[in-house]
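Consider the two complexes below, in which subunit A is the common component and subunit B and subunit C are the respective partners.
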Partner chain A sequence: MTLTQSTNNALSSLSAVSEQISVVSQNIARVNDANATRKVASVVTTAGGGVTIAGISRTANKLLLDTYLNANAGSQTQTVINTALDQLQNTVGDTDSDTSPAALISKLNTTLQSYSATPQNSAVGATVVTAAQELADSLNTATATVTSVRNQADSDIAASVSDINSLLSQFQDLNQQIVSASNSGRDITDALDARDAVLKSLSSEVGIRAVSRDNGDMAIYTDSGVTLFDKTARKVTFQQSSNLSANSVGSPVYADGVPIAGTPHMMSISTGKLAGLVEVRDSIAPTYQSQLDEMARGLVEAFAETDQSATPTLPAVAGLFTYGGGPSIPTSATVIPGLAGSIKVNANVDPAQGGNAELIRDGGISNPGNPAYTYNTSGGASYTDRIQQLISNIGVARSFDPSSQLQQTASISNYSKSSVSWLEAMRQSSSNEAQSRQTTADRAATSLSQDTGVNLDEEMTNLLSLERTFQASSRLINTVDSMISTLLQAAS
Partner chain B sequence: MITSSFISSASISDETRRSIARLQSQLVDAQKEISTGRHADVGITLGATTGVTVSMRQDMDQIQAIKGSNNLVLNRLTASQSALDTLSKSTSSFLSSLISAQTAATSQDTLIQSAKAGMQTMQDQLNASLDGQYLFSGINSDVQPMDDYFGTPPSAGAQAVAAAFTAKFGMSPDDPAVANILPDDMTDFLNNEFSDLFSDPSWSSTWSAASDKTVSSRVSRSQIVSTSVTANDGTFRDMTEAFAMISGLGFANLNSGTQQAIISKARDLTANVTGSLTQVQSGLGVTQQRVSDANDQIDSQVDFLTKSIDNLELIDPAAVTTQLTQISTALQAAYSLTNQLNNLSIIDFLSN
Partner chain C sequence: MGLYGVMTTSVSGMSVQSDRMGTVADNIANINTTGYKSASTEFATLIAEGSVAEYVPGSVSTIARRAISQQGDFTYTKSPTDLAVSGNGFFMVQSDAGTPYLTRAGNFVPDSAGDLVNAAGFKLMGYNLLDGSSSSVVNSAAGLQVVSTSGLGMKATPSTAGKFGVNLPADAAVTLAANLPSANAATAEYAGKTSLVTYDNLGHQVTLDVYSAKTADNTWEVTVYNAAGASASGGFPYAAGSQLSTQTLTFSPTTGALASGGPALSINIPNGATFSLDVSKMTQLAANYSPQTGADAPSANGSPPTAVDRLEISNEGTVTAVYADGSRVDAFRIPLATVSSPDNLTAISGNVYATNKESGDLQLGTANDGGRGKIISGALESSTVDLASELTSMVQAQRNYTANSKVFQTGTELLDVLVNLVR
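Let's turn to the complex of A and B:
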C-alpha cells in the first residue's frame, strides 16, 4: 500500500465522517419530532481499504406502525362518541339538579299535588303551568341540543372527509417521490417519514390498513377493505346536509364509489373519527331524540282531555301539553320525530298569554267553554278529581315505541328515568372504552417512538466517536504529509 | 447501534408528560369530590344505576309534596273539628233548654233566645274558613255555605219558612192569631210542609250554597280520601230545622199545647243531631289519623330514600382524602422525575 493510498483512505474517512455527522445532526435536530425516525448512515469499506457511505437507512418498524394505526383509529372513534355523549348529558345534568326532563316531570307532579291541596288558589295553579312550561322548555332545549350534536357531527364528517382527501393527495405526492427515488437510489428516508406521518394522521380520521409493495410503494385500504389509495388517491365523497332536523337522515360517505359509512353496508368502516361521527349522527343522537319524542308524546297523552259527556262522541284532545300536530292525540307507542321540539304548554292555560290556570283543575284547556271537555261541571272551587286524575296519569303505565331502546311499557316518570339510565350507561361504558383505547394508543405510540425514535445520548456518543475518527484521519493526513516532505528533503 | 435496551429521548419525556396529565385530571376529580362530598361525575360512576337515584329523587319529591299538602289538609281538619266541637256544645245546651222547656221550667223567651243563639253559632261555624277556603262548602269552597237567617232582608231560608207557614195556616208567623193553631195541625205542618223545606231540592236551593261533593285529597301515593264535611250533611239540616222551629214559627204567640208539640219535635231532632254530630266528628277524626299516619310513613320513607340516594351518590371522604394524598405524592414524584431526567443528559458530562 502506498502513502497516497493511505491519504486517499484518510480522505474517504473524512468525507464519510462528515456525512455521518450530518446524519447525527439531523437526528439531533428532530429529537422531539414524534414522526421522525432514527437515521443511520451505513458505512462500507471500498476495494482500496477506504470507506464510503453506502446509503442512509431509517429504523422503521412496520409492525409497530400498524399497531399504532389501529390503536389510534380505535381511540379516535371512542373519543368522538364520548364527546358527543358528554354534550347529550348536558340535557340531563347532575342527578341533584332540576334540569333533566325526569326531574322536571317530578316537579310538575309536586306542583300538581300542592295544587290539589289548595285548588281554590289560582296562584298555585299558575305554578303548575310554570312547572309544565319548564318541562316543555327542557324537552325543546334537549331536542335543540340533540339536533346541534347531529349537525355538528355532520359538519365534522364533512371536515373529516376533506381532511382525508387532502391527506390522500399528500400521500400520493410522497408515494410518487419514494417510488421514483428508490428506483434511482436517492435518500428517501425523509419522504418515508413524511409518508408515515400522513398515515398516522389518516388513521385518526378513518381506520386504515397500509400494505407495502415493491420499490417502497404503498397501498391504503379502509379497515373494511375499500381502496383509499392504490397508485392514485381515490376520491372520498360526502354531501353535507344544510340542516339536519329530527326526522331527516344524513348522507352516507363514499370512498371510491363504495359507501363506507352512514348507510348499512358490508363495507362500512368501524374505526376512526369518521366512524365515530357517523355513529353519533345516525345512531346515538337519533335514539336519544326518539326517547325525548316519546317522553313528549307520553306527556301529551297523559294530560289529554276526553269527552266528559254522558255518551262521549268527541275524540280525546291535547290538554295542558300540546304540540305542532295538536290538538289531536298522537298514536300510542309510535315515535313522532321532533315532537319533543314542538311540545308546548297550551296558551289557554297560561296566565302570561291571557289564559286561565284554573283550567288545569276544571278541564277544557283544549277548548275553554266547550262543556264536552269540562270536568268540573258544577264549577266547585275545591274540585280536585281532575288534578288527582292528572297525578295518577303521570304514574300510570303507558306504551312506548320499542325503537327508542327503552322499556315498552312504563309510566312517563319511569320512562324518563330509564332514558337517564340509558344515557349514563352509554357514557360510562364509552368513557371506560375511550380510556382503555387511549391507553392502548398511548402504548402503541410509546412503543413506536421507543423503537424508532432518536436518543440524544446515543447521538452524542456517536458524535464523540465520529470526532475522534475525524481527528485520527486528519492526523493521518498530516503524518503522511510530513513523511512525504521528509522524503522530498532527503531527495533534494 | 440498535440495541435491545434502546429507548428514544422523546418517549422518556412523553411517559412522564402523560402520567402528569393523568394525575392532574384525577386530582381535579378528587378535589371536587372532597369539596362536594359526592362523586365528581355521578352519571359516569353509576352508569345504568343513575336511573335508580333519579327515580328515588322523583319519589322523594312526590312524597314530600304529599306531606306538604297533608299538613294543609290536617290544618283544615283541625279547624273543622274545632267548629264541630263548638256546634256540639251549642246543640247540647239547646237540647237541655228544650228538655227543661218541656217541664215548663224554662221561659219561652229563654228557649227562643237559645234557639236564635244556636242558629247563629251554627251559621258562624258552618261558614268557618281557612286560607280563603270555606270548610263546610264541599268543593264549592269559594262560596259561603249559609246565609244569615236573621239578616235583613231575610235569608231565602227564613222567607221559605214564612211562606210555608202562611200557605198552611193562612197567616204570617208574626200574626198574634197564631195562638189559635191546634197542636195536631202544627204537628202535621212540621212533619210535612216544614220538614220538606230541609230536604232536597229545597235545602240546596234555599238554605245551603255548599256542594254535596266533599273535598278529596291524595294523602299518600295511592290513597285519595275525602277530607271535608259539607253543610249539606243530614246533621246540619236537622240542626237547622230544630232551630228554625223555635225561632221561625211565631213560637212566642202559640198556645202552650202547640208549643209543646213543637218542643217535642225539636227535642227529638236535636237529640238525634247530638248523636250524628259525634259520628261526623269521629269520621273526621279517623281521616285525621289516616293523614297523620300517612305523614309518619312518609317521614320514614324520606329517611330511607335519603339514605339510599346517599349510598349511591356520596363518596367515602376518608378514601378520597387518602386518594388525594396519594395523587399529590405521585404528582410530586412525577415533577421531580421530570426535572431529574432533564438533568440526566450526556451533554452535561461532555467536555471539550
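Let's turn to the complex of A and C:
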C-alpha cells in the first residue's frame, strides 16, 4: 500500500460517492412519480482496495406488479360498465320520476280513468292523447339514449384499440432497448420503469399477462392467452360502426387474428376497459333496449283495435299507439328491435295533427273511415265501454319475450316497473363491484409503491452517510498531500 | 594511482547517482502512464588491481532495472475495450511496421478501420474466432491477427429452435373435424392460438400461428400456419401452402402432462432453417388457455439483421460482439504472453517490451489459465511508480552526489597543495 495508491483509492471512493449521490438525486426527484422505482447503485470493492460502481439496479417486484395489472384491469372493466349504467339510469329515471316510461304509463292510466268519468268532455280526451304522446316520446328518447350509449361504447372501443396499438409499439421500442442493453452494465433502469408504466397503461385497456424471458425480454398475452407482443407487437384491429342502431350488432375486436371480444369471439378477454365496453355495447345496452321494445310492443298490443263486426273477419290493428311496422299488430312475446324508437301516437287521434281525441272513446283510430273498428256504434257521448276496456288492457297480464331478462308474463305497467328495477339493481350491484375492485386495485398500487417506490426518509439517510464518506475520502487526500509536501520540503 | 584515482572514483560515483536521478526523473514523469513499470538502479563495484601495501580506488557502475513483473493498481473506466491484466501475462501488440511486442498498456480504442489500437499506437492481436483463420504457432506471434471489429457486419440468425409451453384447457369443447384448424376452413374453431416470431435465412420475420384444438378427450391437434398467408382479418382461411405442420398430441388424464406426439414439432420455415418447436412442456389442466411463465414460456431463437451494438471482453480474453437484439457472437480471443524472466525484457518506447535472450522465449496461452492472469475489461493498469519512494530516492541521490563531489573537491585541493610545493 503506497501513498499513491491511497490517493487512488480515495479518488475511487469520491467518484463512487458522486455517482451514488446522482442516483439519490434521481430518486428524490421522482418521489412523486408513481411509476418510478427506487434505484440503487451497487458498490463493489476492486482489486487494490478501491471501490467502483458495478451497476445501477432497481427495486422491482414482478409478483406485485402482476397483481396490480390484474386488479387494475378488473377495476377498469367495472368502472366502464358502471359509467354506462349510470348514464342509462340518469336519462331514463326511476319509477317516481315523472319522465320514466313506468310513471308515464300510470299517468296514461289516470287520464283514461278521468276520461271514463267524463267521456263527453273532449278536452279530457285530449289529455289522454297528451299523456300517450309523452309516453311515446319517453320511449323514443330512451331508445335514442341506449343507441347513443352503444355508439359511444363503439367509438370508445375504437379509441381503446388505437391506444393498445400505440402502447404496444412503445413497448416494442423499450423492450428492444432493454434486450440490447441487458448485462452490459449500462443503466437500463429508466427503460425498465418506462416499460412497466406501459404495462400499467395497457392493463387499463385490456387484461394482460406479462411473461419475462431471457435477456430482460418480455412477452405480453391477453388474459385469454392471445399473443399481443412477442419480439414484435401484434396488430389489434377493430372496424368502428358508422352508426349502430337498435337492430345492428357492432363488429368484433381482433388481436393477432383472433376475435377476442364481440360477436363472434373465440378467446374472449374478461377484463380491461375493452371487455367492459364490449359488454355494454353487446349485452347490457341491447338487453335494456329489448325491454323498451317489449314495453312499446305491449302498448301497441294493449291499445289495438279489433274488428267489431258481428262476424269479425278483419285482423286486429294498432290503435292509439302505432309504430313503423303498423298498422298490423306485432307477434306476441317476440322482441322487435327498435320498436320503442318508432312508437308514436296515431295522428288520427291527435288534435294537434288534425285528429279527433274522441276516437279513444269511440274506437276506429286506425281508419276512421272503416266502421268495422268502431266500438261506439250508437255514437252516444257517454259511451265508456271502450275506455274501460283500455284501462283493463293496461292492467291485464300479457306475454313478453324471455330474452329481455324480465318476467315472461306481466301487465304492461308491472313490466315497465320491473325494467326500472332491473336497471337499478344492475347499477347497484355494478357500483358495489366497481367499488370493491377499485379498492383492490388501490391496495395493489399502494403495496407496489411501498415495495418498489422511493422513500424520502431512506434517501435522506443515505445522503447523510454519503456525505460523510465523501468528507472522509477528501480528508485522506488532504493528508496524503501534506505528507508528500513534507517529503518535497526534505528534498529542497 | 593516488589522488587521480580518488578523483576518477568520485566522478564515477557522481555519474551513477546522476543515473539514479535519471530513473527518478523518468519514474516521476511517467507516474500517470498506463502500464508503466518503474525503473530503478542497482550499482556494482569495479575493483582496481591493488596490493596490500597500496589501495587503489576502483569505480562504480550502474545496472538499470525495470520491475516489469510488478503488478500495478487498477483504475476503472467506462470503456469495455480498456483492458488490464491481473497476473503475469502481457498483451500481444504490433507496431505499424508489423513487429510484435508485449505490453501491459491496455488503453485500446477502435480506430477508423475498426482495429483496437492503444494510446501509443500499437494494435492488439488475437486469434480470429469468426472464421477460424488464425493459426497457433509455438513461441511466436506469427499466427495472430489484429483484433478488429471490421469483420462484424450486419448479421441475421435463422431460427432453429423454440419452445411452446402452454396450458390447454382440459374442459374445452371438442371441435368438429370439419372445423379443425388443420382443415383450414373459414369456420375453424380452436381453444387457443399463440403466435411466435421466427426468422428465415435472410432475417425476414416469419410469424408462426400455432393453433390448438381439442379433437377428443385428452387428445389435441396442434397446427402451425405461416401468418403471412392469413386472411384479411388475420385468421382463417389461410392461403394454400401456409400450413407448415400439424400434429396430434395426447395428454395423460392423471397428470395432465404430454403423453405422446412429442417432444417436438419439426417445421420447415419458408426460406429458412428447419425449426424444432419443443412441445414437451405443454400441459392439459382444467384452467384457461395460458402460456407458461418462466423458462417454459413460448419463445423462439434467431434474430433479424442487426448491427453490432458493443463489444464485451471476458476474463478469458474472448471478445464477444453483442448485437442490438442481444445476441452474442464470439469474434476474437486475446491470448496472453509470458516469458520466463519478464524483468529482463527490453523496454521500448510506447510502453512495449521486446523479448531477448535473457528474458526467454515468448509463450502464448489463454488468459485466466496456467498462471497467465486474467484480463479485466473496463480497467487500466496504473503506473507502478510510488511518488514517496521516488522522492526518498531523489533525496538520497542528491546527498550522495554532494558527498561524491566533496571527495572530488578534496582531491583537487590536495592536488593544489602538491602543486604549490614546487614554488
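The rule is short, and it goes like this: the second predicted complex is superposed on the first by the 485 of 492 C-alpha atoms of A that agree within 3 Å, B and C clash if a C-alpha of one lies under 4 Å from a C-alpha of the other, contacts with A are read in each partner's own complex, and residues count from 1 in each chain.
We take it that contacts are C-beta pairs under 8 Å (C-beta built on N, C-alpha and C of every residue); 3 or more make two chains touch, one makes a residue touch a chain.
It should be emphasised that the depicted structure is a prediction, and the values quoted were computed from it without experimental measurement.
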Clash or fit (per the criteria above) of subunit B with subunit C on subunit A: fit
Touched partner set for A:77, first subunit B, second subunit C, both or neither: neither
Which superposed partner A:120 touches (first subunit B, second subunit C, both, neither): first
Partner chain(s) touched by A:484 [first = subunit B, second = subunit C, both, neither]: second
First (subunit B), second (subunit C), both or neither touched by A:165: neither
Touched partner set for A:110, first subunit B, second subunit C, both or neither: first
Touching partner for A:89 - first (subunit B), second (subunit C), both, neither: first
Most subunit A residues touched (candidates subunit B, subunit C): B
Which superposed partner A:385 touches (first subunit B, second subunit C, both, neither): first
Which superposed partner A:27 touches (first subunit B, second subunit C, both, neither): neither
Subunit B versus subunit C - smallest C-alpha distance in the overlay, whole Å: 25
Subunit B residues within the subunit A interface of the complex: 1-2, 6-11, 14-15, 18, 38, 42-55, 57-58, 61-62, 64-66, 68-70, 72-73, 131-133, 137-143, 211, 213, 215-218, 221, 224, 228, 313, 345-347, 350
In the complex with subunit A, residue positions of subunit C that touch it: 31, 73-76, 86, 166, 189-197, 205, 209, 227, 230, 233-235, 288-294, 297-299, 309-310, 312, 322-326, 376, 378-379, 382, 385-389, 391-392, 394-395, 398
Subunit A residues within the subunit B interface of the complex: 31-34, 38, 40, 59, 89, 92, 94-96, 100, 102-103, 105-107, 109-111, 113-114, 116-121, 378-385, 388, 391, 395, 413-414, 416-418, 420-425, 427-429, 431, 442, 445-446, 449-458, 460-462, 464
Subunit A to subunit C touching residues, read off their complex: 2-5, 8, 12, 46-48, 50, 52, 176, 179-180, 182, 184-185, 209, 211-217, 219, 221, 223-227, 230-232, 234-235, 237, 254, 256-259, 266-267, 483-484, 487-488, 490-491
